[in-house]
Amino acid sequence: MIAYRRPVRFEDVDAAQIVFFGRYMSYAHEAMEHFFSSLVGGYAGMIMDRRVGVPTVKLEARYLAPLRYGDVVRIEVTTLRLGNRSAVLRYRFIREQDEVLVAELDHTFVTSDLHALRSCEMPADVREALLAHLEAPPASTM
Amino acid sequence: MIAYRRPVRFEDVDAAQIVFFGRYMSYAHEAMEHFFSSLVGGYAGMIMDRRVGVPTVKLEARYLAPLRYGDVVRIEVTTLRLGNRSAVLRYRFIREQDEVLVAELDHTFVTSDLHALRSCEMPADVREALLAHLEAPPASTM
Amino acid sequence: MIAYRRPVRFEDVDAAQIVFFGRYMSYAHEAMEHFFSSLVGGYAGMIMDRRVGVPTVKLEARYLAPLRYGDVVRIEVTTLRLGNRSAVLRYRFIREQDEVLVAELDHTFVTSDLHALRSCEMPADVREALLAHLEAPPASTM
Amino acid sequence: MIAYRRPVRFEDVDAAQIVFFGRYMSYAHEAMEHFFSSLVGGYAGMIMDRRVGVPTVKLEARYLAPLRYGDVVRIEVTTLRLGNRSAVLRYRFIREQDEVLVAELDHTFVTSDLHALRSCEMPADVREALLAHLEAPPASTM
């Protein structure tokens, strides 16, 4: 598991005074950039230099409690599933002041050649980073 | 069904030159504001004057094709399910130049009292707006 | 003068419940995309197909009154100055319900070759669009 | 001077593949939140608990070089001028990999009572924070 902390910013709050549901995807993307920071050149290098992207094909989000301005959120990222050309990352959003799980997001992406905009084999270092944080299978499945 | 058209804006595109997956939630929210424009005072009046909100509890999104700068997207909104205090809106994102379905989003929200931040009975006019665009049940279920 | 209308959106408001000062630049950019919609291919075509950009070199903004969620803003765009490779657009932000001028923005950009990232001669159709909305010089200067 | 570092994020880049000029205001606001982190309750507490805001009345920005995805920007914040109810913060945006000054922003705000939306005397701790980072007058003026 890799954890990424960030404060809720002034602009992140909407007219209902809570963090807008779409903003969690931006937070998740920041956490993913952090998740892949072990790659040479980081996530930015993967996109910009190697032209390998990870377009999202599916998202499932559950929202359990609100985030407000002044809160700090800790996002814990694990690999839920790992395929040949795709993976599912799970993001658990935890409000730090009371350790409440405020949201959970499962994010499926496909490794893609950004020139051809076609799926491609997952690069070895990307696979390695995902493998290092693969969730243990639940005991009941053994 | 209510349709909402909007161009992909200059800022909406990310470093991979396609619309970021979280941006679709902003587009969906704009479409929802449009969906509820029949309410007296509109969506803004519901939030700001009546202090009734619709916090999201669940999202499911499927992404099928990319959106790029210069594209125009048409978002078709229907009510998929309607409960006492909750509803599911379905947003179908269609790229206008080739009528390709680029994404589909199911969005579950709960009507809530923004003072108490607690769920509340759905106001009658909100229910009416949702009912007017309820998807017909598939023939096979009749 | 070209006018562009848009509602203040749910997400546009910040934790102080007014539109964040940086958001006016997004509004201005939308108005600029509208301003250049007379070009063949529009603003998007200029950037994406012709690879001509208009990087900003200077901004001056004055904020006179707040915008809130539920307001509609009308942005009136004129050309304040026109040079060989640069221009100044003026954006006047007017709150429609009471016709109050809430902000004024002067925006200087340079036409640039996005391949070389170097300034370039202003394309003829861009100049024409700017010339069509050039502010009359004040009478006192004649 | 207080420095704030942040990477250019994936979403921060626009269709011309450089950071959009309005995004610098978001970066500046983050730097300001950091600048005021010495206040009890921080910037968030000032806005949310004490209901003291700092609405912007004037902005002047000069853009000298682009920021791209993968860059890290360091924002150096100083107090340029300090009045009874207003102040000017200067933000210098420096691209870390080559220490190039990419932009400079002068930001004038007025301390305000967010209940009454009226200017108010600057709270003592806000003044103190600003005073601690006041730019020395240039020697030539002594």
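Which chain is which? They are A, B, C and D, in the order written, and residues in each are numbered from 1.
Everything below uses one rule, namely that contacts are C-beta pairs under 8 Å (C-beta built on N, C-alpha and C of every residue); 3 or more make two chains touch, one makes a residue touch a chain.
All of these numbers come straight from a predicted model, not from anything done at the bench.
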Next item on the list: Can you grab the rotation angle between chain B and chain C? Superpose on CA, round to the nearest 5°.
Entry: 180
Next item on the list: Report the chain whose mean Cα position is at the greatest distance from that of chain D.
Entry: B
Check: Between chain B and chain C, what's the gap in Å when you average each chain's C-alpha atoms?
Finding: 29
Item checked: Separation of chain B from chain D, taking each centre as the mean of its C-alpha atoms, in whole Å -> 35
Check: In whole angstrom, what separates the CA-based centres of chain A and chain B?
Finding: 23
Next item on the list: Indicate the residues of chain B shared as contacts by at least two other chains.
Entry: 10-11, 15-17, 20, 22, 26, 29, 44, 47-48, 69
Notebook entry, point to check: Think of each chain as a node with edges to the chains it touches; is that a line, ring, star, complete or other?
Noted result: complete
Next item on the list: In the complex, go through chain D and note every residue touching chain C.
Entry: 15-18, 20-26, 28-29, 44, 47-48, 53, 55-64, 66, 114, 117
Next item on the list: Report the residues of chain B in contact with chain D in the complex, numbered from low to high.
Entry: 10-11, 13-17, 20, 22, 69
Item checked: Contact footprint of chain C on chain B as seen in their complex -> 7, 9-11, 26, 29-30, 33, 42-45, 47-48, 68-70
